[in-house]
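There's a structure below that I have some questions on.
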Amino acid sequence: MSRIDFDVAHLLAGSLVLISFLELYQDRLYALLNVYALHALTLAASVAWQALVQDAPHLYVTAAIALVFKAIVIPVALHRMIVQLGIHREIEKVVGIGSTMLAGMGLVALAMVVMLRVTHNADPLAQEDLAFALSVVLLGLLMMVTRRNAVGQVVGFMSLENGLVLAATGAKGMPLVVEISVAFSILIAFIVIGIFLFRIRERFDTVDVQALDRFRGERR
Amino acid sequence: MTLAVALASAAALLALAVFAVAIGRSAAATPIIYGASVFVTAISLVAAAAQLLGAAEPLGVTLPLGVPWIGAHFRLDALSAFFLVVVDFGALGASLFALGYGAHETAPQRVLPFYAAFLAGMTLVVLADDAFTFLLSWEFMSLTSWALVMSHHRVPENVRAGYVYLIMASFGTLALLLGFGLLAGPDGSYTFAAMRAAHPSATIGAFALILALIGAGSKAGVVPLHAWLPLAHPAAPSHVSALMSGVMTKIAVYAFVRIAFELAGAPSWWWSIVVLAVGGITAVMGVLYALMQHDLKRLLAYHTVENIGIIFIGLGLALAFQTYGMPFAAALSLTAALFHVFNHSLFKSLLFFGAGAVLTATGERDMEHLGGLIHRMPQTAFAFLIGCAAISALPPLNGFASEWLTFQAILLSPDLPSWGLKILVPAVGALLALSAALAAACFVKAYGVTFLGRPRSPAAAAATETDGFSLAAMLLLAAACLVAGVLPGLFIDALAPVDTALLGAHMPPQLGVPWLAIIPITASRSSYDGLLVFLFMLMSGGLAAFAIHRLASNRLRRAPAWDCGYPDASPATQYTAMSFAQPIRRVFGTMVFRAGETAEMPPPGDTRPARLAVEMHDLIWETLYAPLANVIGVAADRLNRLQFLTIRQFLSLVFSALVILLLVLAVWS
Amino acid sequence: MIRDLTVQGAQMLLVLLVAPLFTGFVRKLKARLLRRQGPPLIQPYLDLIRLTRKEVVLAEQASWLFRVVPYLVFAATWVAASLIPTFRADLLFSWSADLIAIIALLGSARFYLALAGLDVGTSFGGIGSSREVMIASLAEPAMIMMVFTVALIAGSTQLSTVASFMASPAVGLRVSLGLALIALIMVAIAENGRIPIDNPATHLELTMVHEAMVLEYSGRHLALIELAGSLKLVLYVSLVACLFAPWGIEAAGTAPPTLALGAVAYLGKLAVGGFLLALFETSIAKMRVFRVPEFLGVALMLGLLATLLRFVSGSF
Amino acid sequence: MRIDALTGVLLIPAIAAALLAVLPGYRMTARLNIVATTATLICAASLFFRRPPTGPYLLVDDLNATFIVLTTFVGFTTSVFSASYIAHELEIGRLTPPFVRFYHAMYQVLMFAMNLALIANNIGLMWVAIEMATLTTVLMVGIYRTHEALEAAWKYFILGSVGIALALFGTILVYMAARPVIGEGLDAMIWSVLVRRAGDFDPALLNLAFIFLLLGYGTKVGLAPLHAWLPDAHAEGPTPISAVLSGLLLNVALYALLRFKMLLAANAGALAPGPLMITLGLVSLVFAAFMLYRRRDIKRMFAYSSIEHMGIITFAFGMGGPIANFAGLLHMTMHSLTKSAIFFAVGHVAQVKGTQRIADMGGLTETHPTLGWGLILGVVAIAGLPPLGIFMSEFLVVSSTFARSPALAIILVFGLLVGLAGLFLRLNSIAFGEPRGPSAKAQASYVPMFAHLGLVFAAGIYMPPALVAWFQNVAGLLG
């Protein structure tokens, strides 16, 4: 492929990682949602670009899914939910921003080291993509474990999924089954999460995970 | 043929167990099951005896059971035949006893099925000829006996006893499992035949021996692995206690002999030292513990520990002599050990039967509430007396015969080239002598406090003689004790094939000796004739009686006890079990049990009674088991916090696992 | 054969008849050493006869065991005593019980006596038997250790063999034998309840052991037990004699006159032993009961030491 | 695609699910449930005899045939048990008819998903199926809608979906590794093709993939420290689901892991998966063993015992070699049967005692002898005591391990012993001692429980040569 294709793909993937860092940085729910929307948007772009350069039209579907569901529907939905449930707006973190950032750096470095061991018969783009995807996945996980309230964790989880999509699209010629399954799983994930948030609301007045933890096993 | 009979009887017992489950609750179940067990074990006994006395070639059979590509191997050679005799004789006595004793059982459906299965398990252990079948039967035996221990599960102590027992049993099984795994090698040749052929290296053999000592020792009750034994044996119904103490511990001895003398290859120089030391310590500790007890059945259980020690001393000697190529001395030691195995199974069963009879008659196991039973239950008292004399190694009974042989083996030690053994063996001999003397003291106490004196409780005063079956069983065993005592030669000759199979040599045949005496080595060296001693005592005693009744006055007057003229109304003024043991406790206890007495003497004029409190510590439990339990408990508490984490914390567990693995991958090359 | 039988019988009778005399002899000597007149030598015989004449006063709660025990004790002791070569080795039946068996026979006598002490259910009997078994539990091992020493040196536990070996010049003087001798004497003192362990002459003392045990016995039973006691004393003295002064114990098939000589030698040994015993007893005081374990512990240690020193001392 | 046994295994549950979702009435649906599972079982059994050809999506070989038959069998017995169990739940009003309908439908969906996961030849399809199974069980765990149930389901869901993600990433990586060798497109995801060409894959990618798959599917297997969802999910869901979870779903996840292990084993350059699995297995074993001591909830306790045994099985497969693999397979089969039997018993116990708190039960052998002794037998089996099947597998694992690497065997034995002590510590207070709690007669069908225990018992004594040959063959496949 030509140089420019590679650079653009690289740029998009890299910015995805960057936005993951931005998410880590946020301390307000709304802001977090917005950044996540941006995250999804970038993903959509990168997927679309992949579709273009791989001339794999089916990838456009994935791009569309990313754009519609992740970048628009879900942030809005979560936004509404926050309003409805009247969740207090700032994100309770476990560790401070700075240390989280440092940890994130470490994770990205780790991802790079691991991927660089891969021999180069895989084409460089795929390799870069995987490196970035791995970073995004790890950052998403990091976000999940450093955020106290459910919305934060959900967002973390979703950015993790984004990393997966990035990897999947990076994998050239991967059968459609995978994209569909990704979308499919995320769909189910959201349905179930929705159900849960719903049920949870009707039972507790908060989605704060700690409220659930009060009923931890064996506390009878 | 004999093997087939033995296996068939095991199968019959298993079937009986299933049948017992079906009919367990009905009243007829008890006589049916025990009667059938008497029948089956009798048949099996005959078969085993035929195999042993006929010195027949080992028989083997492989059934398509167990580990599929190996199958279940069974083999009846001299050693297993001998132990099968022990098992079946004990089982025969126990079943006979239970025909009467079982009637008092409150929950027969909890006893009958496991009883039959227990017998089957023990039979199968001695027949098994590959590691899997062996361990299967072994653990099956433990499991069924565990169920029997739990049969009176409403008593919390019994539940605790069963718990400790099961853990120790599994511990032993796992130790044996490791040992067999070592002997079998990575490609898993589990048959004993393969292990015999393998000739393991010195290190493998050494580990196998240590593991066998731990595994078999924990079942046999070797100090310090004995902790479960005095808890579990008394908890079971008395005929089961008799089997566990008298027979099951011998199965453990069998396992050790099988591994140490046959499978583990040529012995190294230090094996015998380890075994001898363990045996000596076990013997003395066991009897000292026993002396401090006042629960009759627990006292007997601790004496099992002592006798196991004596047996292991014999085995250790055999190992020592075998190491230095003295097959005849080794044969003598092994014979002594195995003969003691047989004898102990006799008198320990007898004593437990007696305890059971007392228990049913009075509902008491605590000697402090007994006394004077010789008046109420004379036959039981007589049989029990024989048992006490036998276990105290008094001539002309069997206990003395086997201990005498052990002493003779010890006296061969100067021929050993190793200086360590030259020094160690006499010291062990001192321990043996000490334990024998203490055992006599202990049984003076046990018999005197339980059967003699005046009843210490209404229950004891109202006791009645036990039933016919129980008496028959006890007298049968008492007679056996006497026979084995006066005719030891027969048994020594019967053991010759075992020695030949394991050591390649056997003791000189004894049947040719005049007056049925036994001559272990040479006539000039030592000889003993139980029969003659017995006749002598009869004769001189009879002579004395005759003379007295001829010449002396036969007048006899009953009067209150003299007791130096002190009026002594209450039975409470008698010596109790604790007070009887007090001098010995002061001699040994202060060292072994950190025993201490605190006397509280009120000043004159004060009406409070004076009090004497005795404090003792089971140091082995306190230094070995309790800390272990604590560690487990603390660890459990610490880890248990992981149950109460938040989801986020669980996620971070996953996350850190991922990161760690990635790091591993990053550094892995 | 017949001769052997007669010799064996003679031996049995000899010990039986000599026993009370020996007791009386010791008593007389002790009295004399204490500047007392003392009872006549035959006093023990008179006592025995008197006792057999008397009726038996049996405690109400005594059981059948209580009445059987005297015969058992007497039988065991007598058999033991009659198997020890006194004036002739290789007695007809001496091989039927070696040294260990003889100790065990004495042990069984003690066992039954201790039971009898508990039978009536009095506090004195309890004291007696509990202390007796405590003493025995230390004395027996010490005895066995002594046996080990001798047996390991002589290569036999057969008294006749040991005796002939001891008589042979091959023995020489050995440290271990000396220790064994001391151990044996200490054990003998303890076993026979002599001073300083116990005082055969006392009654109504809380420190008594053997006498407390047999407190309830009377009449013919007591007579048998007394006789057994004397037998035991003789037994130990002749054991010492046989092991450590085996001179004059004739081999089998010697002519009657020499045998008579042997018998005289034996009586001589008894006299010496008795004199030493009396001397010893008069020269020391009785110790507290709980000093006894230390006394016997020393004996046990000596015995063990003897078995170990055997290696350095001598030609094995 | 023509209708054969294979499609039967998939279609029957699917159709049944659809039917059960709409049909009202508890009795009929329960029966229908049983009928469906029976039919599935028959189809599965027929796979032994007629082996359909390997397609791009579906595959049947010795390995998964074993799993399928096991799965369908336990599914069948569990449906029988669940009939009586659910009836009782309806009586006491813990469940309402709509939920029962939902429950039955979900049950069949679960069956479908597990069968699909087992016979999938396409690693993507396998992934989809396993996630489907996970999500259905999530829904069933939450079915009681109590605080605890919801919390357990939520925990299960979050941890499960992270597992989903990791597994998917691993799958993608495998594809990436395969693509340069096999070429783009479907072929690069067909397992039977992959395993043939695995030798040429890029080892580094394979390693990375395996780590993600290990963590992803390991979460489903319930290996510590990924186990957190498992105890609560078992404790709070309906007991039949606990039985299926412990007995089947864990196996299915483990099966997926095994497939990829074989993939790695086929590549010389890749890191040996053995050590990783051994480590995780031992950690799970020891950890779960210690966790048994402080348990107050009977179902949660047996859930931990499942973790323990999954650890043992993983360890065995990690050790590899004919004996260890054989033992692993045997242990897995035995554990499925035994553990589901135990949960049957526990379900009835919880129903008659009206609680799951161990402290409120006692003297079970007095009040309910059959149930009590059944439970004891189950615990004896699960504790690895003879003469039941698990004893044989543990015998083989330990002995073969000790000869190869003693240190590991020592740890293994230690874990086993601690676990046994923990189990019986609790069992004593449940089955023995003074009776506590209500002693009303249990209306329950003991058939499934004793059927399972009977099989386990038989296997402990005698294994039919056919089965043995089968297992040995599979063990050979696992290398």
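As written, the chains take the letters A, B, C and D, and residue 1 is the first residue of each chain.
Note that a residue touches a chain if its C-beta (ideal position, glycine included) is under 8 Å from a C-beta of that chain, and two chains touch if they have at least 3 such contacts.
Owing to the predicted nature of the structure, the values given are computational and were not obtained by experimental measurement.
Traced through touching neighbours, the fewest hops from subunit C to subunit D number 2. Looking at which of A-B and B-C shares more C-beta pairs in contact, the answer is the pair B-C. Ranked by distance of CA centroids from subunit C, the top chain is A. Chain closest to the overall centre, judged by the mean of its C-alpha atoms against the mean of all protein C-alpha atoms: B.
Chain centres here are Cα means. That of subunit A falls 69 Å from that of subunit B.
We define each chain's centre as the mean of its Cα atoms; on that basis subunit B and subunit C are separated by 35 Å. Centre-to-centre spacing of subunit B and subunit D amounts to 44 Å, using the average Cα coordinate of each chain. The distance from the centre of subunit A to the centre of subunit D, with each centre set as the mean of the Cα atoms, comes to 31 Å. For subunit B, residues touching at least two other chains, in rising order: 643, 647, 651, 654, 658, 662, 665. Taken residue by residue, subunit C touches two or more other chains at no position, since every residue touches fewer. Annotation for subunit D: residues 154-155, 158, 162, 208, 231 touch two or more other chains. Two chains count as a pair here when they touch; such pairs are A-B, A-D, B-C, B-D. Within the complex, the subunit C residues that touch subunit B are 12, 52-61, 63-65, 71-72, 74-76, 78-79, 82, 93, 95-98, 100-101, 104-105, 107-108, 110-111, 114-115, 117-127, 129-131, 133-134, 136-141, 144-145, 148, 151-152, 155-158, 161, 203-204, 215-216, 218-220, 223-224, 289-290, 293, 300, 303-304, 307-308, 310-311, 316. Within the complex formed with subunit B, the subunit D residues making contact are 154-155, 158-159, 162-163, 166, 207-208, 211-212, 214-215, 219, 225-226, 228-229, 231, 271, 276, 287, 290-291, 293-294, 321, 323, 363, 365, 369, 380, 383, 385-387, 391-392, 395-396, 398-404, 406, 409-410, 413, 416-418, 420-422, 424-425, 428, 432-434, 460-463, 465, 468, 472.
Contacts from subunit B toward subunit C in the complex involve residues 371-372, 374-375, 378, 381, 385, 389, 392-395, 400, 404, 407-408, 410-411, 414, 422-423, 426-427, 429-430, 433-434, 436-438, 440-441, 443-445, 447-449, 452-454, 515, 517, 523-529, 532-533, 536-538, 540-541, 544-545, 548, 551-553, 555-564, 566, 568, 571, 573-575, 579-584, 586-587.
Residues of subunit A touching subunit B in their complex: 94, 107, 110-111, 113-114, 117, 138, 141-142, 144-145, 147-148, 153, 209-210, 212-213, 216-219. Touching subunit D in their complex are the following residues of subunit A: 114-115, 117-119, 121-122, 126, 130, 133-134, 137, 141, 144, 153, 157, 160-161, 163-164, 167-168, 171-175, 177-178, 181-182, 184-185, 188-189, 192-193, 196, 199-200, 203, 209, 212-213, 215-218, 220.
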